[in-house]
Amino acid sequence: MPHPLIAVNSLSFSYGQDGPNPIQALNGVSLLVERGSYTAIIGHNGSGKSTLAKCLNGLLLPSDGLVAVDGMDTCDPDHRYAVRALVGMVFQNPDNQFVATTVAEEAAFGAENLGVPRPELLSRLEQALADTGLSDLSERNPSTLSAGQKARLAIASILVMRPACLVLDESTALLAPRARLELLELVDRLHDQGLAIVLITHQMEEVVRAERVHVLDEGRLAISGTPQEVLLHPALAGLGLDLPPAAQVAAGLRQRGLNLPDDTLDSAELVRALLDLDEARS
Amino acid sequence: MAPRDPDAGIRRTITAGLLLAITLLLTLTRIGMIPVPTPAGNATIAHIPAILGGIMEGPLVGLIVGLGFGFGSFMGATLPLFKDPLVAVAPRLLIGLVSAWVYIALRKANRRTLTIMIGVLLLLLLAFSYQVGMTTLWLGIVAAVATVGVCVGLLIWLGKEEPGIIALAIAAAAGSLTNTVLVLAMATIRGYFSAEMAWTVGLTHGIPEAIVSAVVVVAVVSAVRQIGSRQRGSSI
Amino acid sequence: MASYDTLRHVSIGQYVPTGSLVHRLDPRSKLLWLLLGIVALLTARGYWVNIGLLLLILGLVRLARLPIRFVLASVRPALPIIALLAIMQVLFYAGPPGTVWFDWGPVRISSGGVRLMVVSLLRFVDLLCLTSLLTNTTTSGAITQGIESLLRPLSALGLPGHQAALIVSIALRFLPILGEQMEAIVQAQHARGALVEHGRWAVVANARRAAQLIVPLLVDAYRRADELVLAMRARCYQGGAGRTYLVQLVFSGRDWLSLAAAAALVALTVCLRSLPIP
Amino acid sequence: MSMPLVAIRALSHTYLAGTPLETRALTQVDLTVRPAEIAALVGPGGAGKSTLSHYVNALHRPSRTGCVSVLGQDTASPRCDLGRLRQDVGLVLQSPHLQLLERFVGDDIAFGPRRQGLAGDTLRERVRWAIEAVGLDFERFKDRRTFSLSGGEMRRVAIAGVLATLPQLVVLDEATTGLDPRGRRRVHAILREQRASRGMAALIISNSMDEVAALADSVTVLDQGRSVLSGPTREVMCRAKALREIGLASPSAQAICQALSEGGLPVSTEVLTPLEAEEAIWQAMTR
């Protein structure tokens, strides 16, 4: 039986566990990320999302429990780099993660570290820049890019490692609406190419794209399921998370007695459903 | 027991790079050079990254950052004094080393050891001041008063603070004084300063610089490492 | 109020691609140029030779198709302090022997003192321009690799060449970022009313400002280092061993030519030392 | 009509004027914030929003062009009392961590009130109020070290530090970006509450149109350093085409109604919030 891409088994993590007062960030979290899947992890600030993300590729090692990437224990030092290459991680603020002064060098950094031979390196780089729409900017200084371009560069610098999974840790939080949309579309395209996606966010409208959603609360998994199951879950309101606007409108209309289907989670679906409904009536 | 962070070496390299950047920023833009009307031209805070590097990342990083400070002050020098690499660069290499060594020696020390050490320091400095007083009376008196003041201050503080913080402060002050003493010694040996000038500069720069260094280093380290200060919380 | 602007642009450390001949040189030849340039600066004496060097360096800046004022921007934040220092030094510091132009009490202005001041300042400006030129025309990857390659003979003696190169290249790359950061810190402190603006007492204001700045600047640098380390680890950084490189170093004919020019420059400044040029 | 709190007229700003790095940040910009008003500043990245917000706190002061009057003081005048002004105008910057001046959260929030002369129990109560106002627990947070806070917590502490001086106007430069919905609601609630209880005004910079639609009374839209649209929120937000042209979205609720109306459902498009949209759609469906 093939291993799941990422298997998290009753993972707990505490910061400062050697010190006098450790802070427990994760408590008994279990989840699976399959190859080519699209997973969203949501939760409010301080719910342990980022800690979980860093555990997925061994940047943090579990205090208790097990994280296995393609069957490799992240605690095993022999697999350290294999794990990190397989599960690529994009952080929130790209400005603070750039090491190089040109787009091309920045993007190539991961592959250089893996010792990819140069001809292969060049083709990977070309591919990654093309995928992220940065080919024309390869000589530019990253600090002169727009916020959206910086975020895409951060993704490109992961793609050169040819990962099987992309973890985006609140990468959209600092972006203006249009840039955010572009980034999510890029992520969708990468998902279509077969990359597994783990999107970490507290924006409910973004989780609608996922196949599977996990809600974290105080370091524990509170709800797991499809976006539809999660958004309609009665416990959601108690976790300090808002429904996306379209779902709010839909929920209100449903309460007033409008016969809307359950799968109207984003604006386009809601509009279509309402127009269908209107047509059926007249 | 969690395994040791295998990537500690990367952190050390990157931190060294950033401290070096701050040093160069402070020296090359002259922001870290505060003009004062003494023969040395300016007081400095640009040596603080070297001290921090030594204390937090070890002697090697302290050495590298100190080299950067020396280079920056050498190239930016307008006085013949600092155009001499033996004065501008060589002593600066030792700033981080001395801080690192002092810190390594003291960080495990308890309150009593520290008290004794401060006492010994007090006696040494007083003896020194007496020597100075033999040649230039007023300088000797000023030095003695300053020494007593600083040591009494340290002892009072020691009663209130954790030994770890005191060790930090002493290491930082030692690093800063290394800079003052060695630069002035070199300047005197190489004939730029007379002994009396050196003493004046040493007292007017060295002590304020040492105090500022200790304050800054304690503030930064306790913020970054979040290590204990007796003051467990806000005054609210 | 222009005071925040001055910190905003430190030109050192900012790569500016213009595709010029200078950009295409091998990083090693540029690093050696910087080294030999510094030697030339240190050996140059007198007004004319130093002015000649400044013109030469500005010529190189033009050759790299960079605006001269951009490169000089690095000097701008230092200007007020340099000026103050210069005035104090010229007034109060006797300096090497020369014609005394003005003598009154502790104040003495002599030709030797003025020359010392002017030449030192020129040298400082030259150095900033040369360093800026190197980083404006060379990517950080190329600088790292260049230094590493130049240090290779020493690596045999146990010097960690890759780490040393990385430290220098990180330092250069973060210079402008930390400059900007400093500006942001000044602003943030002002916004909360933490700094009182002194108009007249420049010396006191500078001292206070410097001390209040350095703690947050250092704390922030540590925070930044943490984030950068995390991002590098996430991309499998594992030191210099087994690494491949995007940039390939090729030391070609034009590099030898440029090195020869640098060597000639040093030889020239050394020769000119013995000539009685003011 | 009462005098505006902030009146910016024909303001231009150029960074590094006279150098090759010269960049035009603002061109002939107008901005008005009236007493007890929540005004919003929106625009694509690099439109000059932050630069403009710096003028409100006199971090920048007009040199040649334009006129900036804040709380009745002309900030260009040398007689302008900056200390006073910055107490009355609280600015939360985009990078909140730089704004934290003290080692402990409690001391940091007490920084402003202390300068106003508060001490003892009054001070303690003020700090408690400010920490709780942004949704943090007083006892748990007052002794936390500012360096150990997470990004979201740092933003909240920065906001609390500014609120603690009871300013007449707060300027929040993307201060709710990166906060979760609960945190945002908390900040919105405190702005509304302060406006109701003591007439505090606010200028918010946000890239979330939903947030602006839900919170602001008036909106100024900046694009490439110019104020291209301004007016009451409903008026500005309903100009979907103009907003789209400069790369901004309409609020989601408005976009839904717009799409429905384009699809042939006769629904009002002048809606701002999901609740209003729900009402409008209900009206249309049950006509």
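Read from first to last, the chains carry the letters A, B, C and D; within each, the first residue is number 1.
Heads up, the rule we're going with is that contacts are C-beta pairs under 8 Å (C-beta built on N, C-alpha and C of every residue); 3 or more make two chains touch, one makes a residue touch a chain.
Everything numeric here is computed off the predicted structure, so don't read it as measured data.
*Asks:* Counting contact pairs per chain pair, which pair wins?
*Replies:* B-C
*Asks:* Find the chain most remote from chain A, comparing centres computed as mean CA coordinates.
*Replies:* So the farthest one, by centre of C-alpha atoms, is B.
*Asks:* When the C-alpha atoms of chain C and chain D are each averaged to a single point, how far apart are the two points in Å?
*Replies:* 40
*Asks:* Quick one: chain A and chain B, Cα centre-to-centre, how many Å?
*Replies:* Those two chain centres are 46 Å apart.
*Asks:* Determine the centre-to-centre distance between chain B and chain C, using the mean Cα coordinates as centres, and give it in whole Å.
*Replies:* Centres of chain B and chain C (C-alpha means) sit 25 Å apart.
*Asks:* How many angstrom lie between the CA centroids of chain A and chain D, rounded to a whole number?
*Replies:* Centre-to-centre distance between chain A and chain D: 29 Å.
*Asks:* Quick one: which residues in chain B touch 2 or more of the other chains?
*Replies:* Residue numbers touching two or more other chains: 219, 223-224.
*Asks:* What are the residue numbers in chain D that touch two or more other chains?
*Replies:* Correct list: 147.
*Asks:* Any chance you could list the residues of chain C touching two or more other chains?
*Replies:* Where chain C meets two or more other chains at a single residue, that happens at 170, 173, 219, 224, 228, 232-233, 237.
*Asks:* Using the touch rule from the top, collect the residues of chain A that touch chain D in their complex.
*Replies:* It comes out as residues 43-46, 92, 146-148, 170, 173-179, 202, 204-205, 240-242, 244-246, 248-249, 252-253, 256, 258, 267-268, 270-271, 274-275, 277-278, 281.
*Asks:* Could you pull out which chain D residues touch chain C in their complex?
*Replies:* Per the touch definition, chain D meets chain C at residues 15-16, 19-21, 54, 57, 59-61, 63, 82-83, 86-87, 91, 93, 95, 97-99, 101, 111-112, 115, 147, 161-162.
*Asks:* Where on chain C does chain B make contact in their complex?
*Replies:* 7, 10, 12, 38, 74, 77-78, 81-82, 84-86, 88-89, 92-93, 95-96, 116-117, 120-121, 123-124, 127-128, 163-164, 166-175, 178-179, 182, 203, 206-207, 210-211, 213-215, 217-219, 221-222, 224-226, 228-229, 232-233, 237, 239
*Asks:* For a test of understanding, state which residues of chain B touch chain D in their complex under the given definition.
*Replies:* The touching residues are 219, 222-224, 226, 232-236.
*Asks:* Spell out the residues on chain D that touch chain B in their complex, using ranges where they run on.
*Replies:* Touching chain B: residues 102-110, 123-124, 127, 142-143, 145-148 of chain D.
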